[in-house]
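You will see subunit A twice below: alongside subunit B first, and alongside subunit C after that.
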Partner chain A sequence: MGNWLLEVKDLKTYFYTDNGVAKAVDGVSFSVAHGQAVGIVGESGCGKSVTARSIMRLVDYPGKIVGGQVLFRGEDLLAKSEKEIRQFRGKEIAMIFQDPLSTLNPVLTVGDQIVEAIELHHGSGGLPVGLPLERLNPFMRRRMREEAWKRALEMMEQVGISAPEQRMAEYPHQFSGGMRQRVMIAIALSCNPALLIADEPTTALDVTVQAQILELMKELQRKLNMAVILITHDLGVVAEFCDRVIVMYAGKVVEAGPVDDILFAPRHPYTAGLLRSIPRIEDRHRPIQTIPGMVPELHNLPSGCRFRTRCPMADARCAAEDPPLVNVSYDHQVSCLQAIA
Partner chain B sequence: MDKILQRLLQTIPVLIGISLIVFSLMHLTPGDPVEIMLAEVGYVSQEDIELMRAELGLDRPLIEQYFSFVAGILRGDWGTSLRARVSVKELILERLPATIELTLAAIVVSLIIGIPAGVLSAVRRYSWLDKLGTLVALVGISMPQFWLGLTLVLIFSVGLHLLPGGVRLAFDIPAPPTVTGLLLVDSILAGNWAAFWGTLRHLALPALTLGAPMSALTMRVTRSSMLEVIRQDYVTFARAKGVKEMAVIIKHALRNALIPIVTVVALNMGSLLGGNMIVERIFSWPGLGQLVVDSIRTYDYPVVQVSVMIYALTYVAMNLIADLLYIRLNPRVRI
Partner chain C sequence: MLRPLVQVRNLKVHFPIKQTLKERLAGKPSRKICAVDGVDLDIYPGETLGLVGESGCGKSTLARALLRLHEPTAGEVIFDGRDILKLSPEEMQAQRKEMQLIFQDPYASLNPRQTVEQIIGLPLTLHGTSPGQVRSRVKALLRRVGLHESCIDRFPHQFSGGQRQRIVIARALAVKPRFIIADEAVSALDVSIQAQIINLLKELQRDFQLTYLFITHDLSVVSYISDRIAVMYLGQIVEIAETEKLFANPLHPYTKALLSAIPRVDRKKRERIILKGSVPTPVDPPPGCRFYSRCYLPEKNPACRAAPQLKEVEQGHYVACHYAALESPFLRRGVG
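For the complex of A and B:
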């Protein structure tokens, strides 16, 4: 087990609101190997984004990481100081978000934003990590800036933006949605991170552009031998991109396993429901199947299994017992009393 | 560039409107200036009054008076003060630098206090620091300036003897030769550091009094604008890149937050103009505000007209600066 790049153990992130404590992430555990693509799927509000942000310790007030461990190459990121964690952010673990328009700073040029990321960590193609004195030397600073600019140009080319020199001087609003997402990927990958966390990277894009961006991410992942955590609610994207899938429901992992197992032999009724709710072209005359009911409020969860209020298989036992996450086959875990019975 | 030119052209109708209002103001107010002026002399005949009217051009039709008023303003011939019997231009140009210096100092004070306090309040939201800031801002906004000014004088001048409580410069320090009329600038130009330091000390209390409501407003606007911006994805993304918190706040958040701040603050600079009249009176500041108050009391309407015109122009200029800064700060509206 010593070969994991990232191990998340019993992570708990709670939001302290006026309505009570919302347990957005409540004891989530999973692991990611070097170069592996892991998908986290679930409905809105199931805690997948909060999980991602918790890994980089980017949870905003009133949210708080209250327990667990995030081991990156064996080091617990949750135990690091604010200064130490910055050495991981951007350099070891990079992140891209759903809406590239709101994620890029509207008052800075695209070039500035890429260069900033490179200068922060001196990139891999840049100069060796400078001493503080070297940073003060205007000659060195200029050289560093030039190196960073060159590297930024390279990144723009690598993500498929044409006329990069000209486009570096432009502002985010001058780019199309797909191009913006490419810029974001360029920023994220400019320091060769070992892990990329992509939070719904294609949700805000047109379907054709979605495919291009996924293709680009896949290509760069292979090229840079980088692990990816892909957060999405789109099982189609997962099928295309991921090696492993983690299904979350109301702050907990309900099922995890290799992508084929999850998609073709789901064991948890929630996963099965999600798969059934994908419209299929051959069933176009039948109404789309949905999961009845709503996701429970996170500060007012049902007892026992959190899914039981919407589950077709639930019985008295489900209300009484919290289902553990257990292995049902090699590398396939399920948290459902009915499935393991 | 088109946008800037367009914005400049938009000020023309505003200026015409202002000149109309300024002109009619004096003609709509009760009391005949000629009768008031001559009343001081004692008994005057109706003939004398008519003669005086003709001399001042008050017997001509209103339209004609308006056009000669506007033409005069444009030519730089601003008329003669009825009371002091000197040209209005001389009177005003003598007073204007003192007011400009005080106003600029108040703006600097309000920005230096307001923006950092607002940023701090937003970053440490709901902490005791934020609550204290909110309380101080509330006091700053609601406290009448005459009361604040007098209190400051009482504490710092009368009580602690720390800062002077009036005039621009002590009489025992030789003033630098007048170049710009701004004492701080003139003393730097003359290399007269004693005068510079003296002016700064004299400026402290009036600038603080005048700038207090503005700092409170700036602080509140900065706080809410920052709170809005801090929630944005690009701030989280900057953190995710590994940017230091200080740089996240200043480079990524404040730069965006400044856009609404500039507009609100520049538009409210107008309140400084009104405040000037009160603050100048309290601190015996030889500025335009005092002149206007005196001129209104004595129906010295040529002085009032030109002064009001200057206030209005300043206000229009502030608006213009706000818009230009907005364009400068916000690449989304640039062309």
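For the complex of A and C:
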């Protein structure tokens, strides 16, 4: 099976806190093919962002990746040294976040920040990658900078920022929220990554701007044949953007499959509950069906199935056994002993 | 005809921009931010009026102006027959009992150093409940919003986001208001918790005959909870209609684009209108239609430089667009 771009196998990321061990990601497995758009959905605290950060090895203390494999083009990223992983981070796998204002450096111009990313990874002008700039002679340095600047201009145009030359000299605070996210996308895509991880990229944006950004991401994804992992809590966004969906709950994958199967024929009671919780205009005159209770605390999980305390279908078996993720139909997996038929 | 509980007439809230010395010396005219610029609105007793719009369109400023948390520059806010902008501070204090506000962020709107009893008890004490009765009233309120009585001595950090929002709702209910403004009250919550809070708000409305002004940018929430919806753009209302009517037949080009942009879990493929650019700045907006710079209508022409008035085009459906009322074939196509 050399077809997968990314294979995550039994990934475990735990947080060692004063209150005990919080199993934020507890045995997550999934795969992403070349050019595929995969959505990871779930509520706050279900481990979707930690999963993404674990792929990039960006988990901070007190978090620790304690087990599993992250195979990128067959190479295990978790086994790499810190120096080796830098060859992947930003170059092969890029990431964008929810809040572009806190990700961009406020005291550097937008142009400088795009150029920085390109120079770091791109060895443009036939120069070797990763060579420290100060070791180059001034002539080479200038040539490299000019090449990078040209590439940055191209990127600004590609993400739909008008008057790029002028805007490259501006600072992040001079950009609107949607424009900042475009800059982030420009930085992320400047090195032609094979995989883009987008963590709630449109959550902070207005609906009309969200539509613009999703459209842009879709277009660039097709053009660059790039795989995307989109992390979101918004099932509507998933419906618009993704080919495949992974539903997470309390650190585990509860259901995974093609987008239409998950959204229109969910098999896990949690997925079904989530879908029913979306307020709809047709249901105005009756109460929304909700999932009772709340997400369990991660360092104090129930035995067996983690969803059983909120599940309408749970019985004694669910308390005793941890349900495995099994295939229910082609490419559709569910982790539930009572999976909806 | 039912008399509106809240009538807003030509309400304006302008914030002057402080000039630099250089600008003053150069004799530049002073500029102002027209956050709310001529809003007319009727809110009927017992209804939920949804107010939608993008960030910076002035919806929160409008909400605050209704409670005089921002002093309006001009206009009238008539609550149950009285113009509250003319009330003295003491009268206004008493008036606030009738109107309460729920904010988006339950973390920020609860004092972390007070217990639930102190938090919910304060409005009770301020509006004349005797100290002996406060505790039992707070307990009753907690039960009403679906929290356990034993929560009464706990602090806000001991609750989850959804529970905190329930405390905020209990505090708003404490003084038995008739009118509640919910400013993005469920936007920060997860879907499953959001649904619980929406159900609670609907239940309370039925039980206490509450009138809601429900402000949000989330169109699926607003479509579910509102009886009527007002769409705001750059300080002005561009369209008001009953919820079903607005979704079935949006007339203003902005409303149309906004509705088509909602990502929906839906098998139907919809035609999507993607607006260019973003909302322009509310600093001294040009006269005429505010939407002019982003309007995509083929009919758009220099006549739009004259400000369109909010006109009733069918029963209860108001639009501020020169062309919405016409048989524009472009606008007549449904959003789906």
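Just so we're on the same page, the second predicted complex is superposed on the first by the 326 of 341 C-alpha atoms of A that agree within 3 Å, B and C clash if a C-alpha of one lies under 4 Å from a C-alpha of the other, contacts with A are read in each partner's own complex, and residues count from 1 in each chain.
Going forward, contacts are C-beta pairs under 8 Å (C-beta built on N, C-alpha and C of every residue); 3 or more make two chains touch, one makes a residue touch a chain.
Computed from a prediction, not measured in an experiment: that's the story for all the values here.
Trainee: Since both structures carry subunit A, what do subunit B and subunit C do when superposed there: clash or fit?
Mentor: After superposition on subunit A, subunit B vs subunit C: fit, no clash.
Trainee: Could you tell me if A:273 is touching subunit B, subunit C, both of them or neither one (first, second, both, neither)?
Mentor: Only subunit C is touched by A:273; subunit B is not.
Trainee: Identify the partner contact of A:283: answer first if only subunit B is touched, second if only subunit C is, both if each is, neither if none is.
Mentor: In the superposed model, A:283 contacts subunit C only, not subunit B.
Trainee: Which one hits more subunit A residues, subunit B or subunit C?
Mentor: The larger set of subunit A residues in touch belongs to C.
Trainee: Using the superposition on chain A described above, determine whether A:208 touches subunit B (first), subunit C (second), both, or neither.
Mentor: After superposition on chain A, A:208 lies in contact with subunit C alone.
Trainee: Could you give the angle made at the Cα centre of subunit A by the lines to the Cα centres of subunit B and subunit C, to the nearest 10°?
Mentor: One gets 80 degrees for this angle.
Trainee: Can you report the least C-alpha distance between subunit B and subunit C in the superposed arrangement, rounded to whole Å?
Mentor: Shortest inter-chain C-alpha distance (subunit B to subunit C): 6 Å.
Trainee: Once bound in the complex, which stretches of subunit A touch subunit C?
Mentor: On the subunit A side, the touching residues are 43-44, 176-179, 206-212, 214-215, 233-240, 260, 263-264, 273-275, 277-281, 283-284, 287-291, 294-295.
Trainee: Which of the residues in subunit C come into contact with subunit A in the complex?
Mentor: 54-55, 160-162, 190-196, 198-199, 202-203, 217, 219-221, 223-225, 243-244, 247, 257-258, 260-267, 272, 274-275, 278-279
Trainee: Applying the document's contact rule, which stretches of subunit A touch subunit B when the two form their complex?
Mentor: It is residues 53, 56, 58, 60-61, 82, 86-91, 94-95, 97, 99, 102-108, 116-117, 120-121, 171, 173, 184, 187 of subunit A that touch subunit B.
Trainee: Where on subunit B does subunit A make contact in their complex?
Mentor: My answer: residues 125, 231-234, 236-245, 251-252, 255-256, 259, 329-332.
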